[in-house]
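Below, subunit A partners subunit B and then partners subunit C, in two separate complexes.
And then the complex of A and B:
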């Protein structure tokens, strides 16, 4: 796991709105190794989905302000939708947040699959056998292809989406909140399928976006935490969970209820306050207003630096 | 107090009793197929108690909540609140009922109309129940109930739903329920859309409300959150209760195979799935091939729980009940 698969450098992406630019991603720099599964966590609105989308395709209101994305040593033309088409699906694939509800309810799943493949210039016949093999692997009968999305349960739909999105063995898969709407047993099955697909080589590296740190703790090699459009910390999974260095990560981890923890014994506190507006983010460390350790120096922006091998933090106190 | 309107005054603490209720949906073309969504369920929510109703999606949790809220017909036996049978309430009586029993649901966004300001949910309550209260007093009342859910009126009043976060919208709905002096709150998956920090705020709020004597039915598919505030845990599977009791017992010594399989799937920090599974397998060893229910009721053959004469749950230890280990409706053990 030493070769780098994805390298993101100085990435800035804004949303254009009537009231000005929302600075949803600001100077983001990190790498994902070949074979690495990276969890991406953080509060709602911190920019996780924006980061995922930026690796694949910017939508109409997104503006690529600065920075580069390299996949397998090749720079991705992320600002250029037409040229990105050559990479999407074959090289990088994103399972969007709400993918399940986004499936066209009036199209049979087989037909949808065929159209999707053909839009990528792949003939359905050439992958039919492999498709069936993979459906079996995730416990779906072949006849799902003749069914409509509404006829499948949440877990079945999500497994179908996973099979589809990895059919052409992309280098990188971005899975955005694929388990959030599911109950615990289905959630576990879906998460384990992701790991299994990586182990079988259907996909080489993965970014698993979620607000549930305990879920990525189960399956990820590393976890990256974002705060208000910036990176706060990235480290191997056990390090993030057992000895995080960024005050935000520390609060995030300690605010999670564990099985067995009871209000009567231990009142969890959450993180007081809320993140700053990204229309006009404050100068300096963006966590400053809520940070119990803030001091003078925090009015300057802390750089995202490697404090130990593979452990990056953006905090003056780390 | 609005609650005095409920006649048949309660035994000191009793709040809501669900007694052997069932619900069958008619599905398929011409409603020709029966889908039993709730089967012979009994439990109790007392004043000042949080009861967590846990089960996977489709297990019948929402249907049960809707029965208590009378959004769904009550079939089988009955549901009583403060000793009064609610199943036959009609219009005027229902309106009084909703003064003391309210529900809050999963998706806060869907409870608001995007073209109106969010605080319209308050004025609707005023028109319905508090027409005689003057404007200044009403403002004070609203401010007080917003404070109870730790929102400041300036922060949330006069704003459209899209200008507020999910957690704020969810807390406004709870504040609305509190305006009514309720005795019982049905909270259906109210935190599953929220992120960790906001979840904790809402859970702590439930704990505060319970300390003030409110009975809460907390419906969730997330076991780690079910445990945090609850006094009693009810595990539902395919419309039936499979295990019920004090959270320490149900989580610390799960007996039913289904409860165990749910517990092994909860993603936990510091404990990976394999480890949890190994520990539970060790604990399960002594139960292999046994069924606590049928050891207690050896003659109880046939589908469990459809016969009102026979208990559907066996008491395995103090405050810990379990159904037949095969109780998934189709077969017996």
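And then the complex of A and C:
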């Protein structure tokens, strides 16, 4: 677990809008070890999806402003969408937040898979057996390949997209809210599948983006918390849950009645106020307006530093 | 599938019934008496002669029985393919007059609709997201669709017909030729066909190109496009899927536009005196030939219904979503 798989340094990504740049990621620096499953949490709009997408494909409005991303010691050309194609699917892959609508509605799933693979220079025949094996693994019958996406239930689509996304064994998988659209028992199954995929070596490292801390808690080795486009804290899972250092993480965790209860429904009830606008974020610590511990120094920006081995925090009080 | 088409068929049959009934009523509710005006034009010397003639015409046109009887007769005749006798070209039967005109209209409309649909969609899709092409196609397309048929037709007739003198501007073939199966005659047909065809094609083309360009931009922003791109699929595949999915609403669009398209063809034929149904309609109105008018409208209604039906079938064949919807299967 010591070898580093993903290394992100000083990453800044903005969205261009008519009202100016939305600074959705600001100076993000972290690393994910080989084999590590990292949970990524934080309230809605803090930039989790943006971070995930930045590692794979910037959409038309996103601009790579600064910073680097290295995967297995090779720099990813994230700003160059054409050159990135070599890495997508084979090296990095995202299971998107919108898995329900990710498949072309007018193509049979098998045909789409085939066309996709062949467009990437992979002969379908060479992966057919493996594809079927993995379908069985997630409990899908082979005949889903002869069906259209609308003929599948939400959970089936989700599993299908998981199989498809990991088919070429990427080193890094980003799973964005893979469970939020599903009912509780299916959520469990999907989370277990993710772990299973990693244990079987289909993917090496994972970033699991979620609102559901209880899910991350059970499958992640470490948890990273974001706040308003910046990193707040990253530490091994039990440290985050038992002894968080950042006031935001503390409020986040304490607002859970107990670990194991989903906080999506009641998120923010424990933290009054709302995050600052990312169009023109204030100087200094972005949590200052809501932080119970804020003091003078907080008008300067706190650096994201390692306070203990593997435990990083951005707070003057930590 | 069978239930779906059964239901559709019922709707078409009902539409047809209503259309025929309205068609029957219109000339009878319109002011003016066609028989009287025919008699007047014949310029009979004595009132007795005029009265005899009036009676004679009233009988052959079947106007001497109560209206409900006329209605039933109308249906009976219709099912025999008999649409009455033309007043303008008395005593030719309307069916024959129309049958001579229909090939011209079809020769104009079918290629104009199909070619403009394919070319417009391909071009619109190609132009979408390609900067300078997009910047040119948009204004040009908007100008084309916004152009009234009449206007574009007159402009073309003026520029290529009168000024440049390349194409004839009236008729279906040269007046100096008799219809034969010779190269000269076919050439003349083509030359006369060209301008009305182009003016229709251009107006339709603009509409499809604009529609497709907007649809495809929407499809390229759809989740499945993003997913494919995130998987590193080449633009070719992404665009192929987007095109296919964007073409579906364009098929529905075609069905919705049929009425407008036919109206455009009528106007265009009138401008170019092209001997199709549109031209017949003009002549029928000029000569108060209600039977001919009725017949022409009826043909148009049948044509539009048929085309709609074909489009329905095509749509079902190309869009799997409608098929699963019809099977009543899991959605």
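Rule of thumb we're sticking to: the second predicted complex is superposed on the first by the 305 of 318 C-alpha atoms of A that agree within 3 Å, B and C clash if a C-alpha of one lies under 4 Å from a C-alpha of the other, contacts with A are read in each partner's own complex, and residues count from 1 in each chain.
Everything below uses one rule, namely that contacts are C-beta pairs under 8 Å (C-beta built on N, C-alpha and C of every residue); 3 or more make two chains touch, one makes a residue touch a chain.
What you see is a predicted model, and the numbers here were worked out from it, not measured in a lab.
In the superposed model, A:77 lies in contact with neither subunit B nor subunit C. In the superposition on chain A, A:274 makes contact with subunit B only, not with subunit C. Of the two partner chains placed around the shared chain by superposition, subunit C is the only one that A:105 touches, whereas subunit B remains out of contact. When the shared chain is aligned, subunit B comes close enough to touch A:188, but subunit C does not. Contacts of A:93 after superposition: subunit C is touched, whereas subunit B is not reached. Residue contacts after overlaying the shared chain place A:35 against neither subunit B nor subunit C.
In the superposed pair of complexes, A:120 makes contact with subunit C only, with no contact to subunit B. Residues 153 of subunit A contact both subunit B in one complex and subunit C in the other. Of all residues in subunit A, only 56-57, 59, 81, 84-90, 93-94, 96, 98, 101-108, 115-116, 119-120, 148, 150-151, 153, 161, 164-165 touch subunit C in the complex they form. Looking at the complex, you find that subunit C touches subunit A at residues 222-224, 226-234, 236-237, 241, 244-245, 248, 318-321, 324, 329-331. Interface residues of subunit A facing subunit B in the complex, by the touch rule stated above, are 43-45, 153-154, 180-188, 191, 211-215, 217-218, 241-242, 251-253, 255-263, 267-271, 274. Taken in their complex, subunit B has these residues touching subunit A: 55-58, 165-166, 192, 194-201, 203-204, 207, 221-225, 227-229, 247, 251-252, 261-263, 265-270, 272-273.
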